[in-house]
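Structure below; questions to follow.
Chain nomenclature is as follows: A, B and C, assigned in order of appearance, with residue numbering initiated at 1 for each chain independently.
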């Protein structure tokens, strides 16, 4: 069992591929024969999800769709004190989820060819986000 | 490895912070040095998610957004026999998810400062919901 | 710890109950006293979720709602090279999730009476999808 907290570099609002940054912080993974890696984000206005790791326009379209489906300044929002990007960020975080669980095999993430880990940064200025990585064998 | 079934008290339709009720039913957690706690709801019209534990208007706005995004009585619904709140409840349950996975460290949930566990009660009269808690070390 | 890759039979676009097909490929489950089973799909245009296992119109209504919420040919999509069903498939995959985590007890999935595992096939011709099943005790 391995568990560690990692601080990701700050990123602008949008969706970002962070698979390599996680691996760079997880050299211990190479000795895990088989198991599960759980990556959990310690925030309620950012999210983690798995999706296409190749064409960057997928991540652009994610931002476009989510911004339309979950608008800022909806007239019925009551939670508005922290800015117009805040309540949509909470909704996006729960729709996408706070964590991903990735199979591990032979010291590597066992993902599909086209799967990568996305950070959904849903605030305009979210800053450096912290994650907790737990690997169970 | 610890696994137990817990019956939550019944709650009205909407989103509810249940972190403390889970902890009250999980005294064994204090002896877990590090691992993962999985909380799974045994129902298809209620959900579990992580979000802001402070301002209760976040939970009000969750209900407002989800009720607009997933309307009752959509003309194309075929699954209508169990009431107008039923099919939307199934959709909300899958969008939010049936379980949350929480890192555990030093006998406590290792959540962000502002993270709590929400029960999404998506039926008008859902009654007492059952969850299964599994803790792996 | 048990981990294996399973190829599901190809299914048409829509939502499909696959609990039994997974169990048919997992005879080893019967010897697991208690734990967690993780089922992960190795694709970014299909999803796994838990929902009602009885009335098949729930799965029809899932397809209806998701097709309306996440339209094809939205004018703002940039990722359009792989067909009009492709970008919506990526969004559906992340909204529903790439995996489900199911408690295991006494050699069986510990699900609610009405819970089953859905495959969301979001492409018109997705083909045979591969999953990785990991069981931790």
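By our rule, a residue touches a chain if its C-beta (ideal position, glycine included) is under 8 Å from a C-beta of that chain, and two chains touch if they have at least 3 such contacts.
These figures come from a predicted structure and were not determined experimentally.
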{"item": "Rotation, 0 to 180 degrees and nearest 5, that superposes chain A on copy chain C via CA atoms", "value": "120"}
{"item": "Copies chain A and chain B touch via same or different residues, half shared test", "value": "different"}
{"item": "Chain A and chain B: spacing of chain centres that average the CA atoms, whole Å", "value": "20"}
{"item": "Touching two or more other chains - residues of chain B", "value": "69, 95, 97, 101, 136"}
{"item": "Chain C to chain B touching residues, read off their complex", "value": "34-36, 49-52, 55, 57-58, 60-62, 64-65, 68-69, 95-97, 100-103, 105, 110-115, 118, 136-137"}
{"item": "Residues of chain C that touch chain A when the two form their complex", "value": "1, 3, 38, 40-44, 69-70, 74, 76-79, 81, 87, 90-91, 93-95, 97-99, 101, 130, 132, 134, 136"}
